[in-house]
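Encoded as structure tokens, here's the structure I'll be asking about.
A, B and C are the chain letters, set down in written order, and residue numbers restart from 1 in every chain.
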Amino acid sequence: MPVVNWLKRHLVVIAGLFTLAYLLLPNVIVTVFSFNKPKGRFNYQWQRFSLDAWKKPCGVADMCGSLSISLQIAVWATLGATVLGTMIAFALVRYRFRARGAINSLIFLPMAMPEVVMAASLLTLFLNLGAQLGFWTILIAHIMFCLSFVVTAVKARVMSMDPRLEEAARDLYAGPVQTFLRVTLPIAAPGIAAGALLSFALSFDDFIITNFNAGSTVTFPMFVWGSAQRGTPVQINVIGTAMFLLAVLFVLVSMLITNRRNHQKA
Amino acid sequence: MSTLTEAPPPLAPAEPAAEAPRKRGRFTPYWLLLPGILWLIVFFALPLVYQASTSVQTGSLEEGYKVTWHFATYWDALSEYWPQFLRSLCYAAGATVLCLLLGYPLAYLIAFRAGRWRNLIMILVIAPFFTSFLIRTLAWKTILADNGPIVHALNSLHVLDLTNWLGWTAGDRVLATPLAVVCGLTYNFLPFMILPLYTSLERIDGRLHEAAGDLYAKPWTTFRKVTFPLSMPGVVSGTLLTFIPAAGDYVNSELLGSTDTRMIGNVIQTQFLRILDYPTAAALSFILMAAILAMVTIYIRRSGTEDLV
Amino acid sequence: MTTDNSGDVRLSGIGKTYGAFTAVHPLDLTVPQGSFFALLGASGCGKTTTLRMIAGLEQPTSGTVRLGDQDVTHLPPYKRPVNTVFQSYALFPHLDIFENVAFGLRRRGIKSVKKQVEEMLELVQLGEQARKKPHQLSGGQQQRVAVARALINHPKVLLLDEPLGALDLKLRRQMQLELKRIQTEVGITFIHVTHDQEEAMTMADTVAVMNGGRVEQLGAPTDLYENPKTTFVANFLGTSNLIEAEVDTKDGADVVVKAGGDKLVLPAARCSAPAPAGGKVLVGIRPEKIALAHADDAGAVPQGRNRLTGKIADASFIGVSTQYVIDSPACAGLSVYVQNVERDARLVPGADVVLHWSPAHTFGLDAAQAIDAGTGEEVAA
């Protein structure tokens, strides 16, 4: 039976593509429904094609405001977590010191903790300290949970780095500062970039921790959450689609550039 | 008394020239660690202490709370909310198993079979991250809609009869049932399963497959005896990265489920943000943390993998 | 010879310990300006640590490092006029070849580096590759970049840490000659660390054989090979037959020893053991110095040669020569290499033979040492 044989041989591919479809189906729906013109307040049923939402992406009250808050928080959280996380990663890989085990656990635990636990306990702290919930408490929380991911990403990169490279730099008349700036940092850069990118995505998309510690500040995920109760504007889908396309485009362009660069030099 | 000398094995212990962590400044590591670790202590560890203390307080919102070592809160919380606890663990376990079953073929496909499509598939796995997960979860409302094609298909294939009988769905609906919630959880945490799986699969030397084939292993045997054991680190970290957040999640239950699918995350959220019963919420959160940490520790010990992520 | 001695490297009493482990026992070593010096030894013998102490990458526990008249013991590596070609090259992966080579110049604040870098790339025949990244080059090319990157700084001393270890055999031969050419051209002191005895002998004027953190013997390659002073050197450099013997008589220039039932003669000058009459001594002879005659032709062996009888246990034909393993009453498993000039068809396993060689090629070693040191088969301590 050639058909059965063919199926057998390609079973993994078929199953894998099924999973890929499962992963992408919601994005297809989001995109398609960004061209919908729903009847009621909810955008769950297809009515008819319309470009209205794409023409007026900020046509919904408060949505673009929340988007801007989310972006600001994501940028600052990325910056903070990347700087602090990179410092920790370097210390962990390059130095021997006391309490190493304790510090490793402290970095691992936030990743092994359900978000809702961190969210609730952080809120307890803020309530006890009488802190004003809002932009700053969200930022603090985001830096906290992004930190561990940056440490992990940078650590992996720095660990795989040949220590001889830094020795070579020192041998070639680079002092400690020059060695760090000219050799260590550029080589660790992909790890740092990966950590930063992950931080940005995590922070921008975070809902649970933010929801607990936001007070009256509304981030974009919180806006979406609220709209699931009140009515989902089509513009949400427009933003979702645009973000998806931007991400794909960004990656494709950067891949194209590296490809071309390699071709030119080869 | 003679042999050709090519490269004699080391006589003494290997030269410790390339010892990994080197000492330079004595205090440099502490300065590097200080800000980040302080951040984690103040905003991660300290809150847990506060939470622990809150959980044994009594009082009211108006009069304020005092630590009275009222451990009964734990007992009360457990006896009232054990169904939600159990449900959370069951849903999370179900989603984790589904993620593994769905994620493994895709990770395998990317690692060994994708060829020049590898990068594209990788991008397609990661890119959905950039569309807010809430928006994507809402899309499942459309996909699983009562009059949608999927429900129709399941109905005509009598799959729904089976799931109804199992108690996973009710009537002609998928939305607002456990199946929808587990489906959403699986969807949301699938990339967290795929990426570690892919990382550990990609490290496997392709020649090992050939060697296994050469040694009379059929493809399936090769997978069971060579590929799968070697991908264990990925399986372990993938299941943890799926199970932990799934157990604490309340978004999927809220958006895709009903009051009958409430998970412990929903309860904590409501207690904390709506009912404002802080001791109960803190106790629940603490139990959840303890339960997950205990399970994770046992799981890591048993699977024998210490390095994660 | 130049009178300039600023490229002399003088190590005095230099040693390094890591906790309880002594990597390098305090040693004295002088490498004269302009020489090609090799530190040879198995991994873990302390040769790399010694090199790293000269480079400044490792602080010695004791002793001083002097370059010419300058004490550099406490100078950091970036202040020493010494450059290193690292094991597996350590080329900066994020910089192209040009920038890799220009790195040292730029760090010293030199602005116009273009001409110098181009000249240096020409010297190592890589002018075309200037804008490639290291991973785009072959192993041999990367190796030359590493040399160029170090040499462009005109160091007083160039240190090479197993520079050819990652190359395949053919390329290694080629690069050995290439490095030798460059060294002659630039006239800089080269200190070369290697575990490959052939590489050390081909390239260096002076070789120091290191073992267990000490220098076992130092000298010109021919000297080390022909007249090893320890069993380690005898076995590590090439192959030696070491025969346990007892000193019979000692008269002036010659020592007569008894091995099995036979008497052997060795020059007293080539005996590094005290060798009192009746004492034990190890008699050494290189396999290629031994001639082989079939037992039937024993009468044709000239007088005055050391001779042993034996039986061929094994013979392997390897092209230029045939290698025999011969069991003799004096010593089992003797190696003999016979050039394939006229092959004697009777010399097959099982044949009785006479081994004979000139006493002048014989050397004597202290019998108190491990006989198999440096063979690679000794039991690890």
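Assume contacts are C-beta pairs under 8 Å (C-beta built on N, C-alpha and C of every residue); 3 or more make two chains touch, one makes a residue touch a chain.
What you are looking at is a predicted structure, and each value in this text was computed from that prediction instead of being measured.
S.K.: Of all the other chains, whose mean CA position lies farthest from chain B?
M.R.: Farthest by centroid: C.
S.K.: What pair of chains has the most C-beta pairs in contact?
M.R.: Looking at every pair of chains, the most contacts join A-B.
S.K.: Just the number, please: Cα centre separation of chain B and chain C in whole Å.
M.R.: Distance between chain centres, rounded to whole Å: 57 Å.
S.K.: When the centre of a chain is set as the mean of its C-alpha atoms, what distance in Å lies between chain A and chain B?
M.R.: Their C-alpha centroids are separated by 16 Å.
S.K.: Could you say which residues in chain A touch two or more other chains, in rising order?
M.R.: Within chain A, residues 164 contact more than one other chain.
S.K.: Which chain A residues qualify as touching chain B in the complex?
M.R.: Within the complex, chain A contacts chain B at residues 12-13, 15-20, 22-27, 29-30, 33, 44-45, 84-85, 87-88, 90-91, 93-97, 103, 106-118, 120-125, 127-128, 140-141, 143-144, 147-148, 151-152, 163-164, 176, 201, 204-205, 207-208, 211-212, 220-221, 224-225, 228, 232, 236-237, 239-241, 243-244, 246-248, 251-252, 255.
S.K.: Can you list the chain B residues touching chain A in their complex?
M.R.: 18, 20-24, 28-30, 32-33, 35-37, 39-41, 43-48, 50-51, 54, 102-103, 105-110, 113, 119, 121, 123-143, 145, 187, 190-191, 194, 240-241, 244-245, 247-251, 255, 265, 268-269, 272-273, 278, 281-282, 285-286, 288-289, 292-293, 296, 308-309
S.K.: Could you list, by residue number, the parts of chain A that touch chain C in their complex?
M.R.: Residues of chain A touching chain C: 162, 164-165, 167-175, 178-179, 182-183, 186-187, 189, 265-266.
S.K.: Under the stated contact criterion, what part of chain C meets chain A in this complex?
M.R.: Residue positions touching the partner: 55-57, 76-79, 82-84, 86-88, 90-94, 96, 103-104, 107-108, 131-133, 136, 149-150, 153.
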